[in-house]
Structure formats: C-alpha cells, structure tokens
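My structure is below; once you've seen it, I'll send some questions.
The letters A, B, C and D name the chains in turn, as written, and every chain counts its residues from 1.
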Amino acid sequence: MASFIFRRQLTIEWGQCDPAGIVFNPRFFEFFDTSSWLLFEQALGVKAQKLAAAYGIVGIALVDARANFLKPAKFGDTIEIASRVSEFRRSSFDVEHKLTIGGELAVDGAETRVWATRDKNDPDKIAAVAIPGDVIAKFAVG
Amino acid sequence: MASFIFRRQLTIEWGQCDPAGIVFNPRFFEFFDTSSWLLFEQALGVKAQKLAAAYGIVGIALVDARANFLKPAKFGDTIEIASRVSEFRRSSFDVEHKLTIGGELAVDGAETRVWATRDKNDPDKIAAVAIPGDVIAKFAVG
Amino acid sequence: MASFIFRRQLTIEWGQCDPAGIVFNPRFFEFFDTSSWLLFEQALGVKAQKLAAAYGIVGIALVDARANFLKPAKFGDTIEIASRVSEFRRSSFDVEHKLTIGGELAVDGAETRVWATRDKNDPDKIAAVAIPGDVIAKFAVG
Amino acid sequence: MASFIFRRQLTIEWGQCDPAGIVFNPRFFEFFDTSSWLLFEQALGVKAQKLAAAYGIVGIALVDARANFLKPAKFGDTIEIASRVSEFRRSSFDVEHKLTIGGELAVDGAETRVWATRDKNDPDKIAAVAIPGDVIAKFAVG
C-alpha cells in the first residue's frame, strides 16, 4: 500500500543563496520542515497550526534530519519537493523529501519525527506516544 | 498615472515565527526583498536572475529599508504583499510594500534602491547610474 | 546625561552573505534584534531570557525598524555594533544601532519598541504600558 | 593520532527559536557550517575568506549533512560546539560537530565535504580533487 505524497514547487530566492550563488544548505532543512507540516495538513485535513490541538499533542518533534546534496539549486531555479512518510513505527516515523530540479534529484532529504506530548512528570520535556491508528490510516493511498 | 502593483500571497511557516508565536521581524525584510525582485521581473518581463545581465547592471542595490509593524502575523496566517515603485528618481527609487492579513494592514514596509553598476575606478564598489527611461515606462499603468 | 552603550563584535559568516558576496539585509535586523536584547540584559543586569518574568511584561515589542546601508559587509569582515537607547518616552523608546567596519559607519540602524504587557481584554493582543522609572534610570551613565 | 578540535561557545538568540521556544533545526546546520569554516581557518592558519584563493579551490563543498537532536536548546542557553575532521579520504572528508549544553550532548551533527575545484570541462560544475598532504598533516595533533 502506497503512502500519500505531498508535492510543492518553489522558486529559489536571491536571499536563499550564498556567495557561491547556490542555496545555503540550512535553507533546505527549512524547506523540508515546512513540507512535513504541509504533508500532515493535507493528509489529515487539519490546518498545520491546528494539528497539535486537534490531536492533543505538542507537535511532530524532529529527532533526526539528514540530506544528501547531489546538485546545487541556484537563484531563479524552480524546484519541486515531493514528501511522504516512508515508515510509521509505534511513536516515531520517517519522512522522505525528494527535491528535484527539472526532474533530476538535487537533494535527497529525510527526517525522523516523533508524535510528541508533554511529559507528565516534567512539563519542560516532551514524551513520544503511540501514533493513533486513524492518523496512520489517513496516509494510506491506493 | 498609476504604478504597476505586484501582489503575492504567502502562508506563514512555523520556522518563520519566534517564541512569541509571531513572525520574527527580519523575515519581513526577506519577504520584501523577494517581492522587489518579483515586482521587477513582472514589470520588465525578464526573469529576476537575468535582470542584471539584461540591463548591464549589478543589481537593484538596497540603500535603505524600513518597516512599521502594526499587527503580528502568526503561524498559518495567509498574508498578502502588494508592492509597487512609489517614486522613480534619476538613479534611485522607492518601493512600497503593504503587507495585509484579511485585508488589514499588518506591516507597512518601504525600501530605497539604486540602479547599480560596478564602479569603473574600483570594481569592488558599486556606482548608481541613471535608470533607463524604458525601464521606468514599463511600470506605468492606466 | 549620556545613555549606556552596549558594544559587541561579530565576524561575518559565509551563510550570512548573498550571491553578491555581501550580507543579506535581513541579517542586519537579526543583529540589531539580538543587540537590543543584550543591551537590556547588560543595562538591567537580568539575563535576556528572564527579562519578561522579572518585569511582568511579555517583552520589548518591536513596532518600527529601519536601516540605512552605507557600506557593504563581506564574508570575514569584523563588524562592531554599538547600541543605545536614544530616547525613552512614556511606554515606548528608540534604540540606535551603529554598525561599523574598521571604524567606518556601514549600517545605521534604529528601532522603536514598546514596553509590552498582555492586553487585559484580549490575551492575544499586547498593550504598551509605562516604562518603570527604575528601568530608565539604569540606562543613565555619567 | 588525534585530530585537531575547534571549540566555540554561543548563546542562543531569541530569533533562533521557534514557537516551541527551542532552536529551529536549520539554525543548527548554520552553526555547523560556520564551525567547519572556522575549524579550517584555525587548523590551516588562513582566514576563512582566503582559504579558497590560498589553495586554488572553490571551497570545501558540502555533499551530506545530518544531525541527531537529543535535547532542545532554548533562548539564552550557552552551547558549546566541538568540531573535528573525523576522517580524511582522497578528496572528501567527514566533519563531526558535537553540540553540548552544560556538558551534555544536545545535537550530534556530521557533514561530508569535498575539496572542490571548478570542473575543467564545465565551469558551472565543481570537481572533487585530492586533498593536499600538507593540508591533512595540519589537522594531526599529539
């Protein structure tokens, strides 16, 4: 069974590029973070800013991020980011972000996130809890 | 005679907001910088990344930026930015950026920029030169 | 009577520069925001992250920011920012940020901020309240 | 034989934090990028902005970045980043970034970079070339 894919297109801005004229790497992690929010918004049908309240969580907390930079993206380039949950586990899941330029893979990104609530014993900490089955079900397509 | 207005809509992202839950002010200057590039792209019909080469300049260099923050923008808010050149002078011009949320003015921004070439005597410096009449003409509407 | 001046030095980083090899303008507003926090930390003797709680406010909310860009700052440049409150009014005040490179003024920045509490009638809004006299007194030197 | 370690301390700024009050993840990749530049500046004794010219390269291009987020960093936290080259290969190398707060590991970061020149056949591309032996030698300590 396939997993729902969220796609969006962006045009690279002047201020997102460094003196080499290419996107400064932290910007890709910004793109991926926003794509993860939008992926959940689209799959669950709940506005990103209302997700936490709707599910009684503090958020989908990031525990790991990684990216492989294959081709540079330059000012004015149109990029497409295709994002999907590649695996759901009990309380954590992986998001895959494929960033392409003209159909060619330019950045291969991935995140690991947890379904997070506030820790009952220490409100300053978060605790990973089981992802509801109906959340996972909404990502299944086909 | 009115000046061409470029409008775009954005949805505020999680990472653009600070611990108060509102957009961190430097982000607005990013929005305005990009809107200025797009305003010129649309008015002149030349891709932003090709503007400098098309007109033999190094760019539309920023010499002054200012913003008045009237209402905060929050995660998930849809904002609209309406940008136009409010005045062309010999070699400099003013860009006005009206950022609204639900029709209400939230940030009132403005920039002063110069039509800039490389200084003939010192290639590390820029020099402001006269803005071509046909550039100015393309911003006139109505 | 003079006003307390907070000075700090920074070295410009690769990722703070744009394809022209100079600092992308929104970064200066980041520098100024942080300098304002540190100016208050130093003048009041309270850690920035404890200021709000110490004075029963939500913060020193920005209502206006402006900068005049006189000389570019490049990757590796050592800059100095000298910040001071140029005027205290009843509930608002102006902060002046002079950014110099090698002793020459490169960016002339200014902010207007308010001493802000949560609005009693609408907790989503902030309200400007009178700045305590002992806060203002701590900025007086000489 | 141990590898040279570059350490620096930073205090987390307001604008580096998100609505959850913790550092927004792309900021860590900014910290790591700058630490890599400074690690090379210190080990080689050449200012970061002069490294490329001094060695006839275009830079130390990033091909992979990853981070494991163990503990959040908050506004006002003092963090320390200890960076070192964990492995030199023919034309690529790994940089390890250990970000600690109060001695505890908070973010475990790593980058893979290449010693990059301009491609002879296509000046728009970069090519990885062998890292000079004297560069590698300067990172050896003890």
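Criterion: a residue touches a chain if its C-beta (ideal position, glycine included) is under 8 Å from a C-beta of that chain, and two chains touch if they have at least 3 such contacts.
Just so we're clear, the structure is a prediction, and the values are computed from it rather than from any experiment.
S.K.: Spelling it out: a chain qualifies if it touches subunit A and also touches subunit D; which chains qualify?
M.R.: Expected: B, C.
S.K.: After a C-alpha superposition of subunit A on subunit B, what does the rotation angle come to, in degrees rounded to the nearest 5?
M.R.: Rounded to the nearest 5 degrees, it is 180.
S.K.: Using mean C-alpha positions as chain centres, tell me how far subunit C is from subunit D in Å, no decimals.
M.R.: Roughly 29 Å separates the two chain centres.
S.K.: Taking each chain's centre as its mean C-alpha position, how far apart are subunit B and subunit C in Å?
M.R.: Roughly 24 Å, centre to centre.
S.K.: Quick one: subunit B and subunit D, Cα centre-to-centre, how many Å?
M.R.: 33
S.K.: Provide the list of subunit B residues touching at least two other chains, using ranges where the numbers run on.
M.R.: Expected reply: 14-15, 20, 24, 26, 30, 33, 75.
S.K.: Contact residues on subunit B for subunit A in the complex?
M.R.: Interface residues on subunit B, with respect to subunit A: 13-15, 30, 33-34, 37, 47-50, 74-76.
S.K.: Going by the contact rule set out above, which residues of subunit B touch subunit D in the complex?
M.R.: By the definition above, subunit B touches subunit D via 14-15, 17-21, 24, 26, 75.
S.K.: Provide the residue numbers of subunit B that touch subunit C in the complex, in ascending order.
M.R.: Listed in rising order, the residues of subunit B that touch subunit C are 20, 24-27, 29-30, 33, 58-59, 62-69.
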